[in-house]
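Order as written gives the chain letters A, B, C and D; numbering starts at 1 within each chain.
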Amino acid sequence: MATNNGLVYLIALPLFGALALLLLGRKADKWGHLLATAMSAGSFAVGLIQLSQMLDREAELRPVTQKLFTWISVGSFNVDASLLLDQLSICFVLLITGVGTLIHIYSISYMSHDKDRRRFFAYLNLFIAAMLLLVLGDSYLNLYVGWEGVGLASYLLIGFWNQKPAYATASKKAFVMNRIGDMGLSFAIMIAFATLGTVSFSGVKEHSHHASEAAMTAIGVMLLVAAVGKSAQFPLQAWLGDAMAGPTPVSALIHAATMVTAGVYLIVRSNFVFDAAPTAQLLVVIVGAITLLFGAIIGMAKDDIKKALAASTMSQIGYMILASGLGPAGYAFAIMHLLTHGFFKAGMFLGAGSVMHGMNDEVNMRKYGGLRKFMPITFVTFGLGYLAIIGVPPFAGFYSKDMIIETALNAGGAKGIILGSVTLLGAAITAFYMTRVMILTFTSPKRWDDNQHPHESPALMWIPMVILSIGSVISGYLLYRGKAFKHWLEPLFEEHGEHTELLPPIVVSGLALTMVAIGVAIAVIKYQLSEIDNVAPEKVSIFTRIARRDLLQDDVNEALFMRPGQAITSALVKIDDSVVDGAVRGVGKMALGSGSALRETQTGFVRSYAVLILIGAAALIAAIWVVTT
Amino acid sequence: MEPLLTIQTPETVLFWFLAPLSVLASLGMLLVKKAVHSALLLAWVMVTLAIFYIAQGALFLGIVQVVVYTGAVMMLFLFILMLVGVDSSDSLTETITGLRPIAITAAVGFGGLMVSLLGRATLGREPVGLDAANGPGNVQGLAALLFSKYVWPFEVISALLITAAVGAMVLAHHQRTTPRPTQREQSVNRFRSDSLAGAAGLPGPGVFARHNAVDVPALLPDGTPAPSSISATLKARGDVIDSAQFQLDNVDTSVVEEK
Amino acid sequence: MSLDNYLYLSAILFTIGAVGVVVRRNAIVVFMCIELMLNAANLSLVTFSRINGTLDGQVVAFFTMVVAACEVVVGLAIIVTIYRSRRSASIDDASLLKR
Amino acid sequence: MNILSFLMLLPLIGTAFIALAPKTNVLLTKQIALVTTILVALVGIYMTISFDFNAKGFQFVESREWIPAFGIKYALGVDGIALVLILMSVLLTPIVVVAGWNESEGGRWSSKVFYSLLLVLETMMIGVFASTDVFLFYVFFEAMLVPVYFLIGGFGSGDRAAAAVKFLLYSLFGGLLMLASIIGIYVMATRYGNRTFDITTLSQLHTVLTPMMENVLFLGFFIAFAIKAPLWPLHTWLPDAAKSATPGTSVLLLGVLDKVGTFGMIRYCLTLFPEASKTFTPMIITLAVISILYGAFLAIGAKDIKRLIAYTSISHFGFITMGIFAMTSQGMSGSTLYMFNHGFSTAALFLVAGFMITRRNSSTISDFGGLQRVTPIMAWSFFIAGLSSLALPGLSSFVSEFLVLVGTFTRYPVAAVIATFGIVLAALYILIPVQRALHGPTTPGNENLSDLTLREKIAIAPVIATIVVLGFYPSPLLNIINPASQTIISQQGFSDPAPTMSEGK
């Protein structure tokens, strides 16, 4: 594989930005955001150069690597710090740096009133660097560094306003739940090393053909655990909703466009593992399907605009995971949906941020309404994103989601039918709750107090929104056209035969659009054509209540892990003090006690000692008497 | 085989006469209240033993026993008894609970076992007697041993003796921590003490009493006896005579104040 | 008569002495009882000397006497010292070792 | 003069100078101590540079007769493992001196005593890692307790006397068992014709020992090291000692002294008793795994920041022990690297905790709060130290912890899997205090805390720099460690398990 010494700059630039801003401290307050944005943009530029170079090469020669140094080398465990840029990672590089740069620009204005803006930009740059390391690492261990690095950046950014205890808790929750996923990645690496003797992508790929299926399944399942944690999939999804505590640009960048999709990247990157482990692949599909519906259902019940979008993110990633579990047929569509989703979801989050910006940081959609007139740009950009996500042609989401539904239906047998139905149902629910968001925010009558003065955001904020909305309009078609994207990624995957088509594509599209129409129609009837309270109605069905409680995810986690964990902790603290240390102190006390007990025999009276001597002498004589008998 | 040693009748008689006496004396030593009596009984036991030594051919030891023990050691005892003598009689009631029965049981066990052990034990040969060993004379024989075979223990023991003598002197020596009060200081102190009662010194015994003797407490002006007028030694011995018997029948103790 | 009788006598005296050490509280009497025990031992030493026909036993008895004398001197000095400080010759009063 | 002896002599010379310094001039005392420790550190670095990475066996060897009657020698020498630990000790000591510049004041005795004890301790720390004579090792092992005892008991806080006594008695108990084993070894060695305490000679002894004998002797050593390390359930002295000691002393206590335990396991338990080590490995691995989880849980439940750090260390020592007895090159090298890294990350935690405690006069976590807004630099230092403790990739602890896990997994997958749960708990036990102390609203009384002074920054910066640099570039240390750990593993008759990659599908 060709080497390219330019790869390191992709990471080095934002890393430098982060370090400079953090180390310089207040000195960099004035220009810190500019430096960070420049670094991010610079990285994007490097990415573009790399892309153009890559386009010039033959498909087989496109991947390039760069070895930086030997990182860990012990016995047969050799891991180099080296980077790999291939067709898959370049997509991510451009998404991360591109969307990242836009969000940097957006944040300059969005965070302009925060006195810690420099720190915010430092974290953003740190995130960009870590995320790039994640997608550029050429081995699972290198990926792991980025994997936890983005976790750290996410922790820092969710808790950016950590003076509020709830936000600090949310950040901690995110990190810890991510760590559970990271543990899965650790396991995967360990299993890979123990069974295959290597942890690099190429090494594992090489061995994947003749390794036992059991080993591959184990690795696959563990990778899935990792992906589940990072991508907020069932059952480790609970952190994403709380993660909305972070500033909105963070939600757009990390918790919508990039970091949460790392799980999809991991699964697609590990396609060789999953291809060799059908059981793991099946699990992937199941997880994706469950999360798809799970997120969608939560999305229907949320009144907090960011949480509704977060639930939608979860659901959309469910689509991607599901697609990536469908094998070579689905990988490309998973990534394609990931990219389009990156555009429209980031755009919508920025839109939500813009709405909040204009509404004094109000997030409850029931207190919005009629904002269309006050924030036309936001409305249009958000609306384009909305059309994209519900899958209206020719917007981006239509192509990518349609492909996934089609592939799911074509998965064959009962599996295909079930998955197809799930994805179709998901499309309908998506249409419903996204329409609900649109209506509640923009088109319904106003429900806000008169002391609110909604206004359009400054240009620095709406320009990125416009760019992203353009992306949400055209990206789908661009990628779909002539199966361009599928061919682009094809060299990375191994095609397994032809698939049977359950239904012709046009029928599938028709079905999907029908479902979307049903969803939209219900939402319109329910919200546009009827009165909406500005507080959430209390008298609702049990299902709604459960859905509002995020389908009890926190309750389950608390009951299953948190409470027992706390119980174990407090029990162990007590045990350590009373039993373990108690035993130690007991030995000491015993020594003291036996000392004072024995001291009682020392009465101080000479005569009692004399009696003892006498008894001793008598005993001695008795012993002689007995012995000589 | 002819036994090497035959015990002559006089010795048997002597033994059976003296042995019970010595046992009785030692038992008495245990039981009498006054230490002086114990000392005298012990002296008797020692003399008995000295006689036994001589009877057994240990002439030198017998003499030494009399001189050193009955003479020196017992004198020392008596001397100390005099010094400490004020409470030289002690009660025989036991103060440490359960000590006496345990002690007696242990002692009876010890003695019984010892005696029965001695009764069972045999030397495996007949007693030899000291006629041969005492050939050149008992003192000469002992001297020969002491200055040859036992010369080293002998030297050590002499060192021990000297050390003990020095030790006793050191122990008995009383280092004053303050200068001895002079007579002047003592009288000053008497006058400056809390009351002037003792300023003139303690009253002498028998003064103002009909019976003018040291064992009779003096009577105070109000007719009550003054215990402080009797020597502490006499009081401890219980040799104080009640002064009430010498008291005048009717003493007019009323005092008319003179103008 | 057998020489054993001397030994019996010795044993009895020794035992009486031992009982005296334990039951009497007057330190001087206790000391006297110790002397009695030593004397009892001496008696058996002299008797063994006669049984064995050598004078070694007597030499040891002689040493015992010297040691006894030393012991009496030092012991009585101690008694005097104790008496001087606590105005008592009862050995139960000298029980400071307890604490 | 041999460089090791020179290294040991230097602090003693410093002590002599301190002894000559006037009692009133505290500053001079501190300066002497600082200069001495820096000199020692420089010599230590020089020694590391001149170490031959590729050669096997001990280097910088020195051997003199000490007590010829028993074959006891003053014998020094280092392999890669010992070298790394000595390097860590000599690097940490000047940092401790700078960070705890005022620690010596307010103790029971004068500053002169404090720094004399510290320097003597440094000599012994070097000696204990450098000895190649079992008896000499034992002497250092026990003698080290004395300065630490006085450092805790004389200059600590709170219930310092009780903690010091607990520490001393606990360690002496272990030492006694070890002494019994050492005598046992000597007797056995004499029986087979070698009147010596030389480690290399004694390492051949196991070939003639009966299994029973070897097991008993092994246990004597192991229990002593397990107390020192400390391994569950012999750990309870550590939280008390760490809580009562000054932060600087705690750094040396947890960072260096406790490493003697794990170092001893490698150097003595494994080398002298390979068969017994194998016999007891399942038990030890179990205890190590328990330590990992137990320490982590207790750290989560800890309310005092120093106790918390002590409990995290128990968890980390569990990892180290597990790696050692996994008997793979990854485990062994990982453990040794872990020892080094743990020294620095614990030092960072303790020093920053010390800075926090001096400012607030309390070590209870709930007394802090919102420090990130008030004292950003201190908060960041604590945060980075904490991240290192939870083994975030990119920081040094990750490399070692992952090596240990991978190394263990190849031989004892179940233990490694259970131990890995420790990393989730690690996230909790670090992030909970971080949230309580650094995040949230600023608690009353903390509004005016001052941020780190220049001296404190100078102390903490090299530690954090080491943590970060070694996280990305651990190769220099690994190159030193690898040959040594390879040698030990091959001595044990082990080789790394080959990938199981079974054929056929």
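Quick note on the criterion: a residue touches a chain if its C-beta (ideal position, glycine included) is under 8 Å from a C-beta of that chain, and two chains touch if they have at least 3 such contacts.
Keep in mind the model is a prediction, meaning the values are calculated, not measured.
Summed over C-beta pairs in contact, the chain pair with the top total is B-C. A centroid comparison over C-alpha atoms places B as the chain most distant from subunit A. Every chain gets a centre from its CA atoms, and the centre nearest the mean of all protein CA atoms is that of D.
Averaging Cα coordinates per chain places subunit B and subunit D 72 Å apart.
Inter-chain centre distance (subunit A to subunit C, centres taken as mean C-alpha positions): 95 Å. Distance between chain centres (mean CA atoms), subunit A to subunit D: 37 Å.
One simple way to say how far apart two chains are is to compare their mean CA positions; for subunit B and subunit C this gives 13 Å.
Counting only residues that touch two or more partner chains, subunit C has 18, 22-23, 25, 92. Residue positions 96, 99, 103, 107, 110, 114 of subunit B are each in touch with at least two other chains.
Annotation for subunit A: residues touching 2 or more other chains are 603, 605, 607, 611, 614, 617.
Taken as a contact graph, with one node per protein chain and an edge wherever two chains touch, the assembly fits none of the named shapes, being neither a line, a ring, a star nor a complete graph. Pairwise chain contacts in this structure: A-B, A-C, A-D, B-C.
The touching residues of subunit A, when paired with subunit B in their complex, are 603, 605, 607-608, 611, 614-615, 617-618, 621-622, 624-625, 628.
The part of subunit A that touches subunit C in the complex is made up of residues 602-607, 610-611, 614, 617. Within the complex formed with subunit B, the subunit C residues making contact are 1-9, 11-20, 22-26, 28-29, 31-33, 35-36, 39, 42-43, 46-47, 49-56, 58-59, 61-63, 65-74, 76-81, 83-84, 88-90, 92.
Subunit C contributes residues 18, 21-23, 25, 30, 91-92, 94-99 to its touches with subunit A in the complex.
Remark: subunit D residues 166, 169-170, 232-233, 235-237, 294, 297-298, 300-302, 328-330, 333-334, 370, 372-373, 376-377, 380, 387, 392-394, 398-399, 402-403, 405-407, 409-410, 413, 416-417, 420-421, 423-424, 427-428, 431-432, 434-435, 438-442, 472-475, 478, 482, 485-486, 496-505 touch subunit A in the complex.
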